[in-house]
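So that you can tell them apart, the chains are marked A, B, C and D in the order they are listed, and the count of residues begins at 1 in each.
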Amino acid sequence: MWQWLYKLGSPKWFYTIGNRVLPWLWGVTGLLLVVGIIWGLGFSPPDYQMGDNYRIIYLHVPAAGLMKGSFYMMALCSAALLIWKIKMADIVAKAVAPIGAMATLLMLVSGSLWGIPTWGTWWIWDARLTSSLLQFFIFVGIIALRSAIESRDSAAKACAVLTLVGLVNIPIIEYSVEWWNTLHQGASDLSLRDSSANPPEIWIPAFFTGFGFIGLFFIGLILRSQNEILLRERRSQWVKDLLLTDNAKADTESGINTNA
Amino acid sequence: MPEFQFNSLAELLNMGGYAQYVWPVYVFFLLFCLFTVVPPAYSRRKIVKQIKARLRREENQ
Amino acid sequence: MLEVHGLYCERDERILFKDLSFSIAPGKALQIQGSNGSGKTTLLRILCGLNSDFSGEILWQEKPVKQVRSEFCSDVFYLGHAPAINRTLSPRENLRWFSASQGKTGNIDISTALDELGLAGYDDVPCFMMSAGQQRRVSLARMKLTSARLWVMDEPFTALDKRGVSEVEQLLSDFVNAGGSLILTTHHPLQIACDIDVINLDSRVQESAP
Amino acid sequence: MNTDMNKASSELGLLSVMGATVRREMLLAFRNPGDVINPLMFFVIAVTLFPLSVGTDENFLSAIAPGVIWVTALLAVMLSMDSLFRADFEDGNLEQLLMSPQPLYFLLLAKIFSHWLVACLPIILLAPVLASMLFMSPEGMLPLVLSLLLGTPVLTLLGGIGMALTVGLSRSGLLLAVLILPLYVPVLVFGTGVVQAAINGTAFSGLLALLAALFALAVSLSPLAISAALKISIN
């Protein structure tokens, strides 16, 4: 197994594997998302309390999962870069940051839009929303640091250090926000999770959209990483061969250009 | 297979009175999908063009 | 004392040096020559461990530098481009921290060191009132305070007048002949009385990154 | 030279170098008093802005007093971070610090402790005066000082990480805020919690313990991040 993982460390291999996986990923993700959304919007029974407004959770919960998952993946890549000096880890971390930030934004938007009918205002200082807002600021901080440092290698290592510092601080932030929330407002009874009184099958669409989100995440990750690989390896022979063969045939729809 | 919850398209659009909260979220989700896919595809085309231009310059030097 | 094997360093798509190997023994001097931007300073910083963007092996007393970092640092004296002098402090205050890190806490050493660098009486004058040449002498005064056996110097003669250059050259040759080893870069023609090996970074590598 | 003499001298060496570092920083602070006065003045001016803007109604001001004091103290500490590494980076002393044989971990602790003495201690001493200006009730005074005493070192250590990451950049004042402020949230939450609890008469020792825990975590972990970040910025 290690041999396969080791190979992923080489940009050329990552690029070719990416190209091979992408068509499948497109198909599966599209299918999952379409089924999940249609089922969630049209077919699952309305919530006994909130009526159809609860259909927002089919996007809210996967977005929250993606927010967490993308940060842990960035932390993993940062550790790999600092400890084992894997150049590929920085390429992936750089690709994940914007997607994670946008997922957090989606989580915040869906959370506050869900809140309008239930809480009466579009923003309340609910514990989960507030810690997600802080997580969004941390994402923005990492992206800002990467764009502020010119030299690419020190930017990579600096962002890796900041990500790991963020990783240590996030549980502390969540704990302090949780404690602070109980102090000021008491646990909000209508939190997003306790729709337990509903029949279990309302969770089936969330299953589909959840994996659809993960598929979408990896599509974005592979595309962005491939761009970064092309930029960094533009002088290497395999990129020249790859692009010369492209001249020979019409450039296929971007993103699925068949490899050499 | 669970049956369809809404009897007409208008009812679906109205989303039980919560239309102005549910649909914007799904629109934002569409933006999220476009954001994950479109910018990299666009910059891919720009990068490929750049590299090819440089290759051509080096070839006829 | 210090051995370097297969050193490779690339900066902004340009190879500075490739499989560079050399070693420096006690009583030897090594001058790094090269045009501006040929990576002289980068090479010195790599040797001192300040720069880690390289591949290759650096051994100190036959052991990799990373494992023997504190012995290596206590035996190396690095003088960079910047004089490492705080302008609001006086020479004595500037050198006191450095002499403490070398295990010497006495004040007398600092004043004798300053006298030998021609800064007698300037011990307590704030450095911003001194000329660039005098500030460089304060920085060079650390040569007298350090017990390091390997000196790595980046353009030690900048901003020094003719008399200053000859004084420092004399100090360097005394140090090398007394068994120390010296690595330096300079644009002045070097006249120190000991055998000097030369590495010219320009003649080594021309083509850009693979 | 036998090794145990070497070991003894290296222990002595570490303590003497830490002492020399602290003395040097104190001297530096004495020589350019801006590093002491500016954060303090910012703290005072920022606090006076609040009554001017929200009005001088006594109960309202005393209600928001802990939050106002803590937020302005936090911002003052963050703004004072600039004097930590920047001067040494520019004149080359930072390289000498990294090249010194003593472990960087303790040298950084000495440096940050002296920065805390210079920049944060005056703020802590002045906080009760400003709190009483905001009509904060007297039983909140001691907990305010205690929470600041435990909180500001954590702010300085976290700010040190941000400063080490951005020391190589030319104008990075605002970037430091974007990087570090989210990490300041737990200290702010527990710090104001202590004062609020004291004012409401409930027990606040548990929250002080939490602040102390944050302090212990910061003292032990952040020098590692700072030395890693410095080695990257020096590159």
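We take it that a residue touches a chain if its C-beta (ideal position, glycine included) is under 8 Å from a C-beta of that chain, and two chains touch if they have at least 3 such contacts.
This structure is a prediction, so every number in the text was calculated from the model and none was measured.
**Q** Using C-alpha centroids, which chain lies at the maximum separation from subunit C?
**A** B
**Q** Highest contact-pair count belongs to which two chains?
**A** Going pair by pair, the biggest contact count turns up for A-B.
**Q** Approximately how many whole Å separate the CA-defined centres of subunit B and subunit D?
**A** Whole-Å distance between the two chain centres: 45.
**Q** Using CA atom averages as chain centres, what separation in Å is found between subunit A and subunit B?
**A** Taking the mean C-alpha position of each chain, the two centres sit 15 Å apart.
**Q** Return the distance between the CA-based centres of subunit B and subunit C, expressed in whole Å.
**A** About 57 Å separates the centre of subunit B from that of subunit C.
**Q** Centroid from C-alpha atoms only, then distance subunit C to subunit D, rounded to Å. What do you get?
**A** The computed centroid separation for subunit C versus subunit D comes out at 35 Å.
**Q** Multi-chain contacts only, two chains or more: what residues does subunit C have there?
**A** Within subunit C, residues 53 contact more than one other chain.
**Q** Please output the residue numbers of subunit A that touch at least 2 other chains, ranges allowed.
**A** Residues 151, 153 of subunit A each touch two or more of the other chains.
**Q** Name, in rising order, each residue of subunit A that touches subunit B in their complex.
**A** Residues of subunit A touching subunit B: 33, 37, 39, 41-46, 51-53, 55-56, 59-60, 63, 98-99, 102-103, 105-106, 109-110, 113-114, 116-117, 201, 216-217, 219-220, 223-224, 226-227, 230-231, 234, 239-240, 243-244, 246-247, 251, 254-255.
**Q** What does subunit C use to touch subunit D in their complex?
**A** Against subunit D, the touching part of subunit C is residues 48-53, 70-71, 73-74, 76, 78, 80-89, 93, 96-98, 100-101, 103, 105, 126.
**Q** Can you check the complex and tell me which residues of subunit B touch subunit A?
**A** Of all residues in subunit B, those touching subunit A are 1-6, 12, 15-18, 21-22, 24-26, 28-29, 32-33, 35-37, 40-45, 47-48, 50-52, 54-55.
**Q** In the complex, go through subunit D and note every residue touching subunit C.
**A** Subunit D residues touching subunit C: 9-10, 12-13, 16-17, 19-21, 23-24, 27-28, 31-32, 87-88, 90-93, 95-96, 98-103, 231, 234-235.
**Q** Considering the complex alone, what residue numbers of subunit A touch subunit D?
**A** Residue positions touching the partner: 82, 134, 137-138, 140-141, 144-145, 148-149, 151, 153-154, 157-158, 161-162, 164-166, 168-169, 172-173, 175-177, 179-180, 183.
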